[in-house]
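Per-chain numbering from 1; labels A, B, C and D assigned in written order.
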Amino acid sequence: MSGDSSQTAPGEPLLRVEGLRTWFPIKSGVFQRTVGHVRAVDGVDITVHAGETVALVGESGCGKTTAGRSLLRLIEPREGVVFFEGRDLLKLPKKELRDARRTAQMVFQDPMSSLNPRLRVRDIIAEGMDSFGIGRDKAERTERVAELLERVQLKADHMSRYPHEFSGGQRQRIGIARALSVEPRLLVLDEAVSALDVSIQAQVLNLLSELQRDLALAYLFITHDLSVVRYLAKRVCVMYLGQVVEEASAEELFRDPQHPYTRGLLSAIPSIDPDRRGLDVSFEGDVPSSANPPSGCRFHTRCPQVMDRCRVEEPQLIQLSGRQSRCFLSEEGSCGVSLG
Amino acid sequence: MARLAESLTTGSGSGSDLSRRCQAMAWRSLLGLVAFACFGCSNSPYPEEDSDTKILYRSFEEAPKNLDPAYAYTTSATAILGRVYDTLLEYHYLKRPYQLIGGIAKEVPTAEVLDDGTIRYGFELRGEMLYQDDPCFAAYGGGATRQVLAGDLVFAFQRLADPLVNSPVFQSFANLKGFAEFAKALAERRKRDPAFRKLPPREQYRAVGGISGVVSEGPHHFELVLARPYPQILEWLAMHFSAPVPWEAVQHYDGKEGRDHFKDHPVGSGPYYLSEYAKESRYVLEKNLNWYGVKHPEWKAAGAVYPTSGAPGDEAHGLLPAEYVGKPLPFIERIVTVRDKESIPAFGKFLQGYYDSSGIVKESFDQLVRGDALSEEMSARGMKLEKSAKSDIFYLGFNMDDPVVGSAKGARSRALRQAMSLMVDVLEYTRVFTNGRGIPAQSPLPPGIFGYDAEYKNPFRTVDLKRAQALMVEAGYPGGIDPKTNKPLRLSFDTSDTSPDGGARFKFFVKAWRQLGISVEVSATDYNRFQKKMREGAFQIFQWGWVADYPDPENFMFLLWSKMSRKKSGGPNTANFSNAKYDELFLKMATRENDDRRMEIMKEMRTLLEHERPWIELYHRESYVLRHGWLKNVKAPGLSLPVSKYWDLDAAERGRRRTEWNRPIYWPAFLLLFMGLAIIAPGIRTFYQERQ
Amino acid sequence: MESWMVSNLVVAVLLVGGAWIAVAVSRHDIWRAAVQQVWKRRPGAVLVVCVYVLLALLDSVAWRGNVDTGSDVVAQHEAVTLLERLFGDAQEKSYSAPLADIEFYDHSPLKHPGSHLFGTDILGGDVFLMTLKGARVALLIGGLTSLIAIPLALLFGIPAGYFGKRIDDVVFFIMSTLASIPTLLLLISITVALGRSTLVVCFALAVTSWVGFCRIARGETMKLREMDYVHAARLMGASETTIILRHILPNLMHLVVITFVLMFSGLVLSEAVLAWLGIGVNGSWGLMIAKAKDELSRDPAVWWNVGGAGVGLFGLLLAVNFLGDAVRDALDPRTRKES
Amino acid sequence: MLAYVLRKLAYGGLTVLGVLLLIFVIFFAMARPDDVARRALGEKAQGAQIEKWKAKHGYDKPLWPTLAKPGGSLLQAHYVSLLSFEFGNSDLNDSPIGTTIRDGMGASLALTIPMFLSGLVLGLVLALFVAFFRETYIDTMGVFLCVLGMSVSILIYIIGSQFVFAKMLRWFPISGFDTDVIADGNWNLLLRFLALPVTVGVLSSFGGDTRFYRTVFVEEVNRDYVRTARAKGAGEMRVMLRHVLRNAMIPILTRVVVAIPFLFTGSLLLEAFFGIPGLGSITVDAIAGNDFSVLRVMVYIFALLFILAQIATDISYTLVDPRVRLE
């Protein structure tokens, strides 16, 4: 491992995100003036400790993927703080950013588009090593590629093949191998298994937990699939319309969800319809536009327990014992009251 | 989704209705097309109702640019102006060499040398000549028309001098006494006096005092006084530049308030008037009933009746038929001229009888001619061929300022030019490219021009490979090898003719010179670039042509006069030939009348050119005018003169021939239709069989 | 160095380059599969195109000596191409019909009776040989133009698509300006302004044809820019240049090949129209056709010149058009899915 | 919507300015006024005359504006004259270019409108026909014929058709046109003149068009909603006409609207060969005569029409397909 000065101080989390906002401008008029914003991510706080798995859960379109990409600055966020290994990634100039985010890598959702179809597996995996100067020469890097492939339970001689010759699961393993090639401490897994068959999902998840054990990796697990979360994550953040509405340890969350939205989510699994596996929640109405989020509580338009207050006042994250929730109901300490 | 379903249900009823209506319409239009195919199909480009009138149909390639008689200088404009305007003098229709006869002047004047050394020509105008009817006369208080007066001629000459008219022939008239002075005074006064500028031209001219050498005395007497001898002035008077122009027309047609420009609206006193003018596409000339030839057939004026005598052979050619001799002109009622830019379609239409003669000289129709006569098939169709030598010269020129081919190297480069001249086989050239049309040129002078000698053979204009090779050794290029590079001598040939046709023609010369070991590269550029090269003298060999303005040797010989050098003065001496001896002889010859002494001087010049070889003379064009049998009295002119007032045509015969030649052939249409069906039908059948 | 030596050198470079591409393609199985698919679908078209390429190469290799030049002294110092050596260059004086023994108009006997498969032209040149030689010019027009246009399009299109913002605005403005001017008029204007040579004609054709591909390249780059593998590469520390060269450009290559084949026929056809306007390339079929305009109106008509050029042009275009379809089907992921 | 249209127009205006600059560079910076003058005045013109001519036509100004004298340059005159549609007079024959263009427009439209409409209808009908019989030999043959048609140079079409239909079979005049015919309403004669050029025009473009339409249709035929419609019992013909044709409108519209400027400018080759005095023909004349003043106006007008057509296409998208959003 390189990067000595950027080592996390003891007790300090590996990744600390505060108030992350990513807005996309809406342009209109003759001169394309910005008339508004799509608030894809609107004030998200996440903390990930070394070696820990944190899940970021939400319906599609809630901004979780944008949040994942924004904190690595693949998309430029509007404001916020992303402390990673003691440095604020958002304040770094481009050159330093490159080195700073080496130890934070990402595994992508779509196994089709995450690997360059024109490159051999060897070159895909070795790219990071080449540019960061890991390994002395080409031969050594090739050797490491072989190791990595075996590590993700592929064969070393697969390295001379092209991506299209592999199945989805295999490709995802290649993606993981690539991420591992630069010796990261944090992996952002962006829906890393959602596109795979259930059986293969399990295999990949097993592999991930194995890797975590061996390499002391931290995972930020972005998904819409709560069943996966239960299996892997230690802590869970639930997102709705660009905001975190509830955060708790996995165990507590599944046992006693605080936010009506979370409750709705949990009631939806397991689903029978294989196409609707995951979070297709039986709430009334459509998801509001994040360009024009509802006033007051963002969930009030669909909340089964909506109160007058919710329409006017915006709830803050309320600290409960070791967990948080963005709901006035939690404020009153009357969790679970209205479930029946 | 709901909307879609709705439209599905409601659409069905009206849909079938619609398709039924569509079917009916389709059938009807198909029937209409078939009907058109059977009855309306014809290749005639004219409305039917005109077929019995005496209308002459002609075509033109390039649109006339400007119809101001003082300014226009193109063949396409001459074709209109020469018919609309009457000139002081004219050329005899049949006689060769060209002979001047009276036009609106009763006779051709003789020069009178005055005491101060100036030369006077006096003209007696015919009385009671009228202009065509035109609204411009009424606009200035007149009637439909008015008489042609000597004052109109004075006005026309003043216009030639007017810097604002910017006449291209200014120089040619500058020998008139007071001509240049008038132009200068006019320009100065205009500069000084803004009020003067606003006056109509006629009043401006009058205020400056006119040209002292151009005088009218009374309505019908007119005089020209030349400061220097310039006998060629009479030839200029046979052209439209100095034709009488009514001042009313110039003043009225100013382009304002919806009126035409004068340059688009000629008003003259000639045999025809312009009745319709769609500049880019077509124009119509109608017989002018005010013309003196029509109003006064009893005058038997030389330019208004069919000639009674002609050149030798004309009678045998049927050019002096009894029913026309001495009859008043014109015979043709209307001349319709249509634009045909491409030569193939134009000639095709001629063959189909839709043009009466093919005046355009194009290689494409020469195949109809075998040797000197028409092919049998064409003769059988009643076509006639008219041949005449044109007063022009086509030549290859050397740039005499060039270090290799020019005069700088003296005898060496002369030998090179001589050798190259010996290789160009004009007979073969004309055989391949012009079907033998063209008289091999021995000197700049074409037949029909004073000084032309049919017996004369230029010793450097017959092919002689041996002698040329010897001359190459003399020039310092034995076997064509340039000792500097040890490779064949490289020369460049410049042209602005980028057409594929031109490419082949230049290749002919290149091939000829290759036999001497000279490698000539053709560089065909666009006109601008070519002009630039010519102007700057950055060229070696070029091809050029010159068409005479008037039939006088001076008009050819001055092409090599050093004062006319293209590089120095922008003149037409494109070879930049400069020879003191030649210049001296030229000045002597230029102002002389056609006499023996003049002939001698010209022989001397000829010998000089023969030796110096600034040019390789190629040929003088022969115009072959092909015409249909129903067009009569046609003698091809060598100069570009509009002579159709002498022509006549038999409209009934033309109508008959046209129908006979243009019966459409229909069976291939049915064959095609049948074949199409035969291919598609089985496919459709199997398709439906498989469906079921 | 003389032009024929340059030409030989170019042929050598082309052959080496071709061999290199062949090896690269055979090792790369996406390309190999595409080639196989094209070959399976349109073997005829592939063969015909190969024949044209072969003719063009044969006409580009030249050397001096060993030919009977007759009276032509200069020719002894000139290089003669392999094609001319193979098919001979029997000269007549003027027109003769295909396989005729006598001249067409003059009826005088020919020097090489019965040897002119397509007859001879106005200067007695063998039309068959000229038709074959036209292949080189056509391929030169298509090839040289693409060689200018495609890199130009990539040079503008990729940065516009990748970096967006100002660069995109500028490139888009240039594109819409150029695209607003009618192709033919722009072509003519450029050739009139720059003079007349093969290179200028190709340049003019390139200027008028790069915009279309630039637009495609720009759009595709915009799409590729958002691909996950590009994001991954960025996280892997790849610089912008590396990303463009390694991840964007190779994924545009199939479009380059498709565009090249589809553009080709249009270029050769445009040249024919230019030839009619007097700005064609020497020795092209377009020039032969333009010449034939007059020849057909002769009576009896000279048809073999336009016939030879027409057949040569038609054969190439037909083959290239079919090949274009096949290549597009083989390489374009969209059509591949459908078929 | 208004803002969208305005923005498109503003961008169009900007493009026009760019086009004008390009035209200026091509026509003035690369060709010198001296040459133009000589060309206009003819071979026999003298030096002083050329100067006079240049002054008269305003070509005696400096090309580019200088700091010392920002106004009075050719560049400025160029922009002012074209933007104000004061085209001035032709270099070659001094006739007002505006009038020439107005006169030529009629003939061009007389040729191109029938050509455009019949080409469109024929292309669509043939494409529908071929798409209807897709995957039979009619389809294969249709596509083959299209490629065949695309592989023939338009020059060959013109020369060949004049030779066969006019010269040999004598169905139509070889060439010609009469502007009076339109005014007189002599439809028979007009039809006779136009039949051949229209046929050639349609023939030369039907291959590419038909093939394009066919691809669009076949793509639509394979969509779900068409299958649904068919499953609901709609006849094949109805499916083709009502569903496929309607839904293929967007790509077809794109192709068609772009072709509209050509209606006004006519076809260079067709007009020149068939002697139709339209704008195309005027352009060919201008090329042959190096008449830059006319050529530059023609380029400008074409570009203008093209830009307008582009804007029209963008707007028409929103009308045809409500799914296309304005932003």
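One rule holds in what follows: a residue touches a chain if its C-beta (ideal position, glycine included) is under 8 Å from a C-beta of that chain, and two chains touch if they have at least 3 such contacts.
Bear in mind that the values here come from a model prediction, so they are computed numbers and not experimental data.
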Steps needed, at minimum, to go from chain A to chain B via contacts: 2
Contact-richer chain pair [B-C vs B-D]: B-D
Chain centre separation in whole Å, for chain C relative to chain B (CA means): 42
Interchain centroid distance [CA atoms averaged], chain B/chain D, Å: 34
Centre distance in Å when chain C and chain D are each reduced to the mean of their C-alpha atoms: 26
Separation of mean Cα positions, chain D and chain A [Å, integer]: 54
Residues of chain A whose C-beta touches two or more other chains: none
For chain C, residues contacting two or more additional chains: 192, 290, 293, 296
Residue numbers of chain B (touch at least two other chains): 342, 344, 348, 526, 528-529
Residues on chain B engaged by chain C in the complex (per definition of touch): 342-344, 347-348, 362-365, 367-368, 428, 431-433, 435, 479-480, 487-488, 498-501, 503-504, 507-508, 511, 514-519, 524-526, 528-529
In the complex with chain D, residue positions of chain B that touch it: 8, 11, 15, 19, 36-37, 40-47, 63-66, 73-74, 163, 166, 168, 171, 263-264, 278-282, 338-342, 344-346, 348-349, 352, 354, 526-529, 531-532, 569-572, 662-666, 668-669, 679-680, 683-684, 686-687
Residue ranges of chain C in contact with chain B within the complex: 71-75, 77-78, 93-94, 105-106, 121-123, 192, 195-196, 275, 278-280, 282, 287-288, 290-291, 293-294, 296-300
Chain C partner contacts - residues on chain D that touch it in the complex: 11, 14-16, 18-19, 22-23, 26-27, 30-31, 147-148, 150-156, 159, 163, 219, 222, 261, 265, 268-269, 283-284, 287, 290, 295, 298-299, 302-303, 306-307, 310
Chain C-facing residues of chain A, complex: 69, 72, 74, 98-99, 101-102, 104-106, 108-110, 113-119, 124, 127-128, 131-132, 162, 164, 175, 178-179, 181-182
